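Look for chain A in each of the two complexes below; its partner is chain B in the first and chain C in the second.
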Partner chain A sequence: MTSFLMRRFVAMIVLLFVISFVTFTLFQLGPADPAAAACGQECTPQRIAEARVALGMDKPFLTQYFTYMSGLFSSHMVGAPGSQALCSWPCLGKSFQTNEDVTTIIARALPYTLSVACGAVVLWTVAGVGLGLLAALRKGRFTDKLIVGGASVGVSLPIPVTGLLLLLLFVSTLDLLPFTTNEIASPFGAAGPGGWFLNYLLPWVALAVLFSAQYIRVTRSNMLETLGEDFMRTARSKGLSRRSIVFRHGARAGLTPVVTMLGLDIGSLLGGAVLTETIFSVPGVGFTAVHAAQSGDLPVTMAITMMAAFFIIVANVLVDIAYAVIDPRVRVA
Partner chain B sequence: MNRSTIAAIALTATAGLALTACGGAKPTPGDKQGANADAYAPVTVGKGFTTKGGNINVLMSSDFQTLDPGNSNYVQTANVGQLYYRTLVMAKETAGQPPKMVPDLATDLGKASKDGLTWTYTLKKGLKFEDGSPITSKDIKYGVERTYARDVYTQAPQELDSALADDSYKGPYHGGDFKGIDTPDDQTVVFHLKQPYAEFPALVSRSNTAPVPKAKDTKLDYTNHPLSSGPYKIKSYDRGRSMKLVRNSNWDPATDPNRSALPDTFTFSLSTAQATISQQLLANSDPTAITLDSNGGLQASDAAKLNDPKVKKRTAAGLLGCTDVLNLNTETIKDKDVRKAMALAIDRAAVQVQYGGARFGKIAQSYINPAQVGYVPQHTDLDPAGKPKLDEAKKLIKGKNVPKKLVYGYADTNARYKNVGTVLQQNLKQLGIDLQLRPIPAANYYTVLAGDQMPDIARSGWCGGADSGSVRTTIDPNVGPSLDGKTYGFSNIPRYHDAKIAKAMYELRGTNGTSEELGKKWATLYDQAMQDYPLVPLVRSYTSSVVGSKVRNAQMGYFFGAIDLSTVGAEH
Partner chain C sequence: MTTPEDAPMLAIRDLRVSFPTDDGVVHAVNGMDLTLARGETVGIVGESGSGKTVTSQALMGLLKDTTASVTGEILLDGQDLNTLTETQMRAYRGKKIAMIFQDPLSAMHPFYPVGAQIAEAYRVHNNVSKKAAAQVAVDMLGRVGIPDPKRRYAAYPHEFSGGMRQRAMIAMALVCEPELLIADEPTTALDVTVQAQILDLLNELQEETGTSVILVTHDLGVVAEVCHQVVVMYGGVCVEQATVANLFDDPRHPYTQGLLASMPSLARRSERLSPIPGFPPSLLALPDGCLFADRCPKTHLVPDGACATHRPTLTGVDGHPSRCHLETLQPTREVA
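Then we have the complex of A and B:
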């Protein structure tokens, strides 16, 4: 297991460097020019050149890249030549737009994304797995058809549609819930767990409608496959109770692919639920990423891309470990 | 964003536009009873309200790029800036009219020397910063000096700097004395200009002349707490989330008749999605809410709701100084008759529909308008209702060498501009021109238009420049010559250069006189230039902004394109 983990760790570091380099290169090759964007409609070539110096974009590409990456290992001076300041380790640079430390920007955004992610994950896992199991156990009956039909609708609804409909119905029309506010970042603030719950309920539901639909389909099909296996027939013939057959034997075997899905989805979500955060005005990582990309804010874009990649890679590693625990053949491989 | 998402948004937007277009023939926001009512008259919500107190909650979809007056060329910052900084002269907003220049920190609009090369300002007495320290002429000079430090400030306003006589100065962080301004005593500021500039009071109304004490300058971090010289100061600022402004006890209203400063506080929510902003405002979920987002935060699909009487009485509206035009690249479409034929063939009424219909803009016949100083009547053969004149267009191009293929470039973040291209494709096909559409990254849009990649046709907008009340600051940047007068200027997108007109404009730049008399000359030259059809005027913006039911004195800023924060109040 130790060598398995070591291999994964080294692969993760290499992958992160590759991703950082690709992101940096794409940004440089892309059409967006932060220096030109900074001075607007009356931008003379001289002003663009001055802005390029101020943003540190006048240096060679590799110098810019290694200067940026060196911040991951030590503190260093960053900022415009006329206004340099020490950026403490781990330094992800300063925002082109606001001159804030990028670590501060991410630290501010992350609690919002965690709030969105944790509730949504619980909701969609419970609903998705629960309804998937129910549909599998009621195969061919009305309940099954209702759940499968609902899942088909849910998986077809993009987040902007679900989100706006939820806002329109529960906030604007029925006035049952407040508009999401950026004043509540966690359940430990002034609003308390109750205020936090109400604030994030609609984003959770919007995400859960989409994700639980996928989980229902996967859970149902895997359970149906597992319930038809020989060992299940053996379990039944041994006279085990229905509950024991379904949950102790069937679910453990049938839900392994769901664990994979869940791990990867959580990893992706921690990198920012872009659409959900944008629609519900949650200033999380996804929301920040959209603004950074639109305004050509390279340091913020780089940091969020690397962070999202980090979460996904870590989620992959955790899934692999979980698999290795569940199925010893993976360790050998 | 996946395909189904894009499709859903496109469907919603199209449905909204279609609804708006259907109702667009009779714009209602400014429509008063009676046949002769001006559909584009300004509408102010709760006009005449004078009660102090309460809070205004400003909903915004993103944080201010900067609050530093020395590092901002954004209208949003200028609007909120009225609350925490003052300048020598203030551009005072009145809905539907270009801003009027009024003295602010200075006692008057400035005294020009006979040759027009020196402008002198005297500060009012008793002016203080929020910390109680006096505002002196040196603080004004230092504020201007900072805007020269372009190795620090990428967004520093440049109009004033371009006019002052010290091009070699690199800002206060590199040492050296700035020769563009003298401060003979604590009350007097003397500006030295390269050339006479009749609209100079407008230049010192820009944020460059907001006072900044040298000891308080924290360079790029100054944006987190600019020292207030206005009626409010920043109590808290949580970047990307919220900001709160409270009264500045060291602001003396006796020195400032321009800002009513009615609410006790302003709160800003800096990360509210536009869709949420429009829903909150339409539903009146916060009776003290307003927005500074463009188009009042309204989505195209919300437009029909503006006809609801309950919403209508909470909607401030007005014409802005912003006009959109199509630039015809005169280097690639050289024949002026071909350009004119193209202009005549364009269905500008159909283009207006792409802007959201008549409610979102008025068909424009010129970049300049009669409310501007120096305006003289302009001549054009374009239909005032925006309908194409295809027969005339076809006659003009008979026997001419008409290009078979042209390229229209558009900013890629707004579907509207692509849709305008689709209209143009259909129109120009009638002249045998195959128009190709080319997306351009929005962030670099104007840099591309100024460079080698300028397409044959491109849209641009202009909101009046340094002085939206004067014709000069629209004409010179858009069709004027380069600094040496030998070619076209860097922001002259159609690359229009007529040697005779360029020479006259070049000479006019150095001429001493009043804004009125010089403006008439600029406007006459512009009228001559427009007979060559380098530009096709499209739509002049008319913006509506829904406010909460307790918001009063909400007027649409002509320059800001949003509710003017210096006059708004709240019933409480």
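Then we have the complex of A and C:
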């Protein structure tokens, strides 16, 4: 187990370096010219050249990459000679737009994304797995058909549609919920858990409609497959109660694929729920990334891409570990 | 429930099982009869689709709460299991009737240690602590011949060899000391040397515990080795029931005769095997007459073409009944 973890950990570090290099290269090749963007409206070729120096873009490509990466390990000075500023560790550069440390920007955005993610994950897991199990146990009956039908609708409702409909219904028409505000970043703020809950309820529901529909389908089909397994017949032959058969024997095996899905979905959600954050004007990581990309703010875009990649890779490793814990057959391999 | 001492422990009477499918109703078992005395082993033989496995599933009550329709009587110590609800049946499963399956790897839960699965089977019917149940499971693993049972308790099914897994399955089935053990093709997935060991083990344990055994198999060799009684199934009915010796010496039903003739034998090595021509009847549309009539070489011996129009009943004397019209036409047997 230890060597398994070590191997996964080393592979994870290597993969992160590869991704950072590819991302950095992509931005170099892209059409956006951060120097032109940074020098403002009255640009002269000379000012662009100055901006290039200030942004470190006059240096060779590899030098730029290593300068950038060294920020992950130590503080260093950024900017043109004469107007250098300290970028403290961990340094991901400074925003071309606001000249803030990128880490500060991310630290500000992350609580919003975490707020969106945690509620949505809980909601869709409970709804998706619960309804999926129910549908599997009632296979072919009315309940099953209703749930499967609902899931087919849910899975075909993109977040912009659900989000706008929810806003229209609960905020504009019925006036039951407040419009999402960027003043509430966490349940520990002035608004308290209740205010936080109401503020994020609609984004959660919008995400949960789509995701729980997928979880219902995966849970149902995996549970149905498991219910037909020989070991389920054995469990029944022992005289176990139905609850014990379904949960101790069935769900343990049937929900393993759901664990994988959940891990990967959480990982990618932490990299920013772009659509949800945009629709509900939540200034989270996804929202920030979209704005940064639109304005050619390379350091911010780069950092968020890296962070998203980091979360997904970590989620992958955690899923592998979870698999080894759940399924003893994986441990030897 | 009081029963006379000489009443059979298990009596199946006119068991019928059918499954609704998209293509129509599949009649898997069509009036199965079987009796089994305490401490005896009966073999159920028959080809694929003859209703062996469905019969054993009906016995375990595994068809309750499914779309299958099960009629007839399954009397265990005088109690008709077929009238029990799923919840009532649970008290019988594992406790009075236990079952082992063909493929022990897929029949055990891959995520739980073998010992824990045996202990679980014990705890369902015995109100004991986990620790006590674990001790019972370790003892049971020892009894079925698994070396170093204490250490093997924590091993997972995939860490066992095929034979060891089937031993563990037997331990799981016998841990509550059931009165009846149903073994559904217990040796089919094992290689020949291991097969013999498992059969020996079943024999030993049966002598030790007095459990009655129903051995479902398609292997007449296995039957000859371990069974007292044999039931031959065809088209979902018992076509012949006899002691092992009688069945091999004096097969009465033409299907049984065909089966024995199609078996390879070392004594007749130069002969070609003679298979039974044709196919079993479709379980979707059963013929009106004898289910074997289409393949039977002896229909010409029965007058009035009765084989095609009338389904024979299980008749016969000296505890060797056969489901053939010829039985009723042979008065000579009545004397014997």
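Criterion: the second predicted complex is superposed on the first by the 321 of 333 C-alpha atoms of A that agree within 3 Å, B and C clash if a C-alpha of one lies under 4 Å from a C-alpha of the other, contacts with A are read in each partner's own complex, and residues count from 1 in each chain.
By definition in this document, a contact is a pair of C-beta atoms (placed from the backbone, for glycine too) under 8 Å apart; a residue touches a chain by one contact, two chains touch by 3 or more.
This is a predicted model, so every value here is computed, not measured.
Trainee: Put the two structures on top of each other at chain A: do chain B and chain C fit, or clash?
Mentor: Fit - chain B and chain C, as placed by superposing on chain A, sit side by side.
Trainee: Touching A:239, do we find chain B (first), chain C (second), both, or neither?
Mentor: second
Trainee: By the touch definition at the top of the document, which applies to A:249: first (chain B), second (chain C), both, or neither?
Mentor: second
Trainee: Under the stated touch criterion, which partner chain does A:231 make contact with: chain B (first), chain C (second), both, or neither?
Mentor: second
Trainee: Of the two partner chains, chain B (first) and chain C (second), which one does A:158 touch, if any: first, second, both, or neither?
Mentor: A:158 contacts chain B only, not chain C.
Trainee: More residues of chain A are touched by which chain, chain B or chain C?
Mentor: Larger number of chain A residues touched: B.
Trainee: In the superposed arrangement, which partner chain does A:106 touch: chain B (first), chain C (second), both, or neither?
Mentor: neither
Trainee: Using the superposed model, give me the angle at chain A's CA centre between the CA centres of chain B and chain C, as a multiple of 10 °.
Mentor: With chain A as the vertex, chain B and chain C sit 150 degrees apart.
Trainee: For A:259, is the partner it touches chain B (first), chain C (second), both, or none of the two (neither)?
Mentor: Once the two structures are laid over each other on A, A:259 reaches no partner at all.
Trainee: Looking at A:281 after the superposition, I want to know if it touches chain B, chain C, both of them or none. Which is it: first, second, both, neither?
Mentor: Touch status of A:281: first partner only.
Trainee: Nearest approach of chain B to chain C by C-alpha atoms in the superposition, in Å, rounded to an integer.
Mentor: 37
Trainee: Taking the stated contact definition, name every residue in chain A that is touched by chain B in one complex and by chain C in the other, in rising order.
Mentor: None.
Trainee: Quick check on the complex: what are the chain A residues that touch chain B?
Mentor: 30-45, 47-48, 50-51, 53-55, 79-83, 97-100, 105, 108-109, 156, 158-161, 164, 167-168, 171-172, 179-183, 275, 278-283, 287-288, 291, 294-296
Trainee: Taking the touch rule as given, give the residues of chain B at its contact with chain A in the complex, in rising order.
Mentor: On the chain B side, the touching residues are 1-2, 4-5, 8-9, 62-63, 65-66, 73, 149-155, 158, 171, 173-174, 219-221, 223, 239-242, 269-273, 275-276, 279-280, 282-283, 285, 413, 440-441, 443-444, 446-447, 450, 460, 462, 477, 490-491.
Trainee: Tell me, which parts of chain C touch chain A in their complex?
Mentor: 60, 62, 86, 90-95, 98-99, 101, 103, 106-111, 120-121, 124-125, 156, 158, 172-173
Trainee: Quick check on the complex: what are the chain A residues that touch chain C?
Mentor: It is residues 229-231, 233-242, 249, 252-253, 326-329 of chain A that touch chain C.
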